[in-house]
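The same subunit A turns up in both complexes below, where it pairs with subunit B and then with subunit C.
Right, the complex of A and B next:
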């Protein structure tokens, strides 16, 4: 009796989140997928995918999205790793100051950060006033600006992840490596990097997911063509009213994330088997 | 005698004021020297200075007639076994052991052979393919020891290597370490805060306190004649009684002792538990048994006397005649006196002698 009661209680506790998952996530996802295979008369069609995957503008949007995402991810990882390594291995007062400051961007609402960025970096913005607008490289309405903005959004969290991974490497692991004769580069490539590799992968996954589907920053900063997929999807939905096409963009975006997610999970399982 | 390791004037004081001051040490070839002391006494600082992980403010470290103070850890002829987290978790046991030889670009067959040799030495043959997380704590420390031995160190440094293990395993590893040391003729510095461990494995012990070496001696000497109050307190079990000296004479029950240069100051009297005997014949002091604690083949008996609680060891077979609240006589067979942390020499006098002594003045 008691066992049965506990079982029911367990199900009752899971139910709210399970139902909200069904109503708010699974059902809309199902509708979107269905829509992506339908034309305006609600008949089955491949046209939406044909358009999305072959239309020159859309192909450019895909390429552009991948380009922005890859450049941003690589830069975020390099910068965050360097920053985290500095914070972990340096004991200077400067590193202590930085370790208190680096996550501040996380507490600034995205939209405010973007407007601040535009005011600072636009062709007649604050920096241009000081150095002269003729000397100012264009950041706003340009890929450079978008990538910079992605760095702002992603570096703090990525650094936090990597710093915790690097802090988890005991000092004695590095000291014993030095003891057996490993030099600095060897220590980095044979010990620190492999021991933080998993977290690097987690960080990459998070950064990729966040950037590939981003909307606000590319919508406000980037130029009109080519577009990031998030912006393109919004346009197909609310400007062109092409529900099927925007749904198929969403499905493809989801598949891209799923691939990255799959690689991540596969790697996690491989590593789980020996630690 | 050829000195394998010499430490001269080593000083390293931290911002907190802790650290080591002007340490001199010499370790013979094939000797196991233990640095023993409470935490914060500086023993690990000495060890890490020798290993190169701490850069001391002053002093020289000489191994085999060469000053190695300027070298970084990877260039020093030392190897270190750390307290825990010794092994590299992302490498299997084979690679943990082979890594240093791969760095030296040794041939694969030679590496294999050496790895097998090392595994056999620590009785862990056939573990090559396992990962550190699949090994028990004791096995991990043995692999760590094997890895250090594969460096052919001129001095092996051990930083409380067994302290994270349970008592039984600690005893086993202690014996194994001694065995390996005998085979390999290793020179070792062993750091521990466990006095029992130090007494068991060392050739010599340096007892440290507050950044200084209080006494450097063989285990037997350290136990039998602790030179300072700190060492007496730290090593083995002791009864301590604070007594007032009068004109250089300390009265302890019916016995009296003439103690060198104490005058009329207070002295700490230290009596080993085995130097206290329960007796009916001519006791120094009378007391009541308060507690009997069985510790295996012997028992620790606590006796309430006019000097406070005194503890003594009693053999199991003598226990039958004793019980709690029993009145007994206590005979103190040997005592040491410490004034101002230093051992003072003493001569025991009989009671009559003392009276004569008093009468003469």
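Right, the complex of A and C next:
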């Protein structure tokens, strides 16, 4: 009886998220895929994909999106890893302060952060007032600004993930390695990196998916062309009213994320079968 | 830390669950409400679908309570979709409901003339004339042209030049003067990305159609697209002299922000937006407005009444449109929204008329229908790069 009740409770707890997933995600995805193969008369066509994959403007947008995403992901991982390693292995008061402060950006609403960023970095913004606007490189309406903004959005969460992975490495492993005379670099490459490799992959997946489909930051900070795919998709949808074309951009974006997701899942399964 | 993370995830999951549950509850609530309005007879509920910038929303939030005070049996619900966030979906909704022969739930619709024209083939909107809306007689006759009585031009606004009067001494009078000014003051002029806001779009449209005969603005045939070349050439030539050698900020507000913080000295802007922000001190006091000749495009905003309403909703909707054309509401248009009134100037106070002298120069109406989208596409391909 109790077991049955618990079972029902379990289902009742899962049901809201399951239903909302079906209604809010699966169904719209299905409609988008269908729409991406339709022309204005709702007939089957490949034209949307032909346009999205061959039009010079769209090809540039794809290249640009990949460029921004790769640069941002690499920088996010390097900076976050360094930060997480510092927080894990240093016991100074400074590291303690930082460990309490580093996730603050997660609690600042995105749009407010972006406008703050613009005021800080624009050509006659706060920084320009200190260093003189002639010494100020252009950040706003430039790829540099967009990458910086992506760092702001992604470093805290990535650091959190990596820090939990590094914290899980027992101190005894490192100490015993040190006792038998392993150098710092050897310890890092033989122990720390392999033991945190999986989490690194998880962090990369999250950062990639967040950045590749981002809209608000590139919309407000980036220049007009080439565009990130999120911005281009919105433009095709609500400015040009090209439902089919915007749907096909969405599907391709989805496939890009699916590839990364697949690599991640495959790796996870490989590791599970090993252990 | 790992434990921390786990706790975090737990909390997040719980919050997300709570949020979703709340969402589904809200959903139910709404259903109940609509069900209610069908059964209750004493109060008629009508939905007004509107789009635009924040000032439009503020305007309705001011006008609707005034209307409800005078008409206690009518309850107006505002459904506001900010510009560029799917205003088109309201038209799609109307068309879909028409096809399915259902009530769209849209009882009053604020939109552009192109919507009225698009709806004409499908008989989407009701014909409105003095027999059902008495105050139509107040409207400037010129504005009623081309509406075929399907849409009521209840207010208007135009794009004008907004400039910093401390730095700009020779204010351009004509488009040619303006282009010369831009070339002589590199980096000091910006227009916003025309796909994101009407003021930049007006600059682009005006530049292109200034090279064509005046009637061209009413042509909706695609054959005119090849005549755009000359205008696009001008836009291309201007690019190196624009803000950051060709950066087009997003949205109407983007360029106004640049003017406000002094990065540029001149921008095209909606008269109503600029006046409102000057009045609220969001733009510095040295900001001035001017219409050039021939003027930028502008135009009326229209109210339409979908034909799928039942008798009660229809009467309430008509009552509302009629109310929008009274001098009281028109005063709100001018004072709160800084828009041009939809009714004859003569019906308003002289003081109000004086206030608008600087911007009331003649604006032009672009009536190219879906050509506007084609123009945007070409702009994105040729100029944005």
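Going forward, the second predicted complex is superposed on the first by the 258 of 275 C-alpha atoms of A that agree within 3 Å, B and C clash if a C-alpha of one lies under 4 Å from a C-alpha of the other, contacts with A are read in each partner's own complex, and residues count from 1 in each chain.
Everything that follows uses one rule, which is that a residue touches a chain if its C-beta (ideal position, glycine included) is under 8 Å from a C-beta of that chain, and two chains touch if they have at least 3 such contacts.
A quick note: this is a predicted structure, and the numbers were derived from the prediction, not measured.
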Overlay on subunit A: subunit C relative to subunit B, clash or fit: fit
Superposed arrangement, angle subtended at the Cα centre of subunit A by subunit B and subunit C, nearest 10 degrees: 150
First (subunit B), second (subunit C), both or neither touched by A:194: first
Which superposed partner A:173 touches (first subunit B, second subunit C, both, neither): first
Contacts of A:45 with subunit B and subunit C, given as first, second, both or neither: neither
Superposed model, subunit A: greater residue contact from subunit B or subunit C: C
First, second, both or neither for A:95, with subunit B first and subunit C second: neither
Touching partner for A:216 - first (subunit B), second (subunit C), both, neither: neither
Distance in angstrom between the closest Cα atoms of subunit C and subunit B, superposition on A: 17
Touching residues (chain side subunit A, partner subunit C) in the complex: 13, 16-17, 20, 57, 60, 122-124, 138, 141, 160-161, 163-164, 167-168, 219-220, 223-226, 235, 238-241
Partner subunit A, residues of subunit C touching it in the complex: 1-2, 4-5, 8, 16-17, 20-21, 23-24, 84-88, 193, 195-196, 244, 247-250, 261-263, 373, 376-377, 380-381, 384-385
Partner subunit B, residues of subunit A touching it in the complex: 170, 172-173, 175-183, 186, 190-191, 194-195, 274-275
Touching residues on subunit B, where the partner in the complex is subunit A: 51-53, 72-75, 78-80, 82-86, 88-90, 92, 99-100, 103-104, 131, 133-134, 144, 147-148, 151
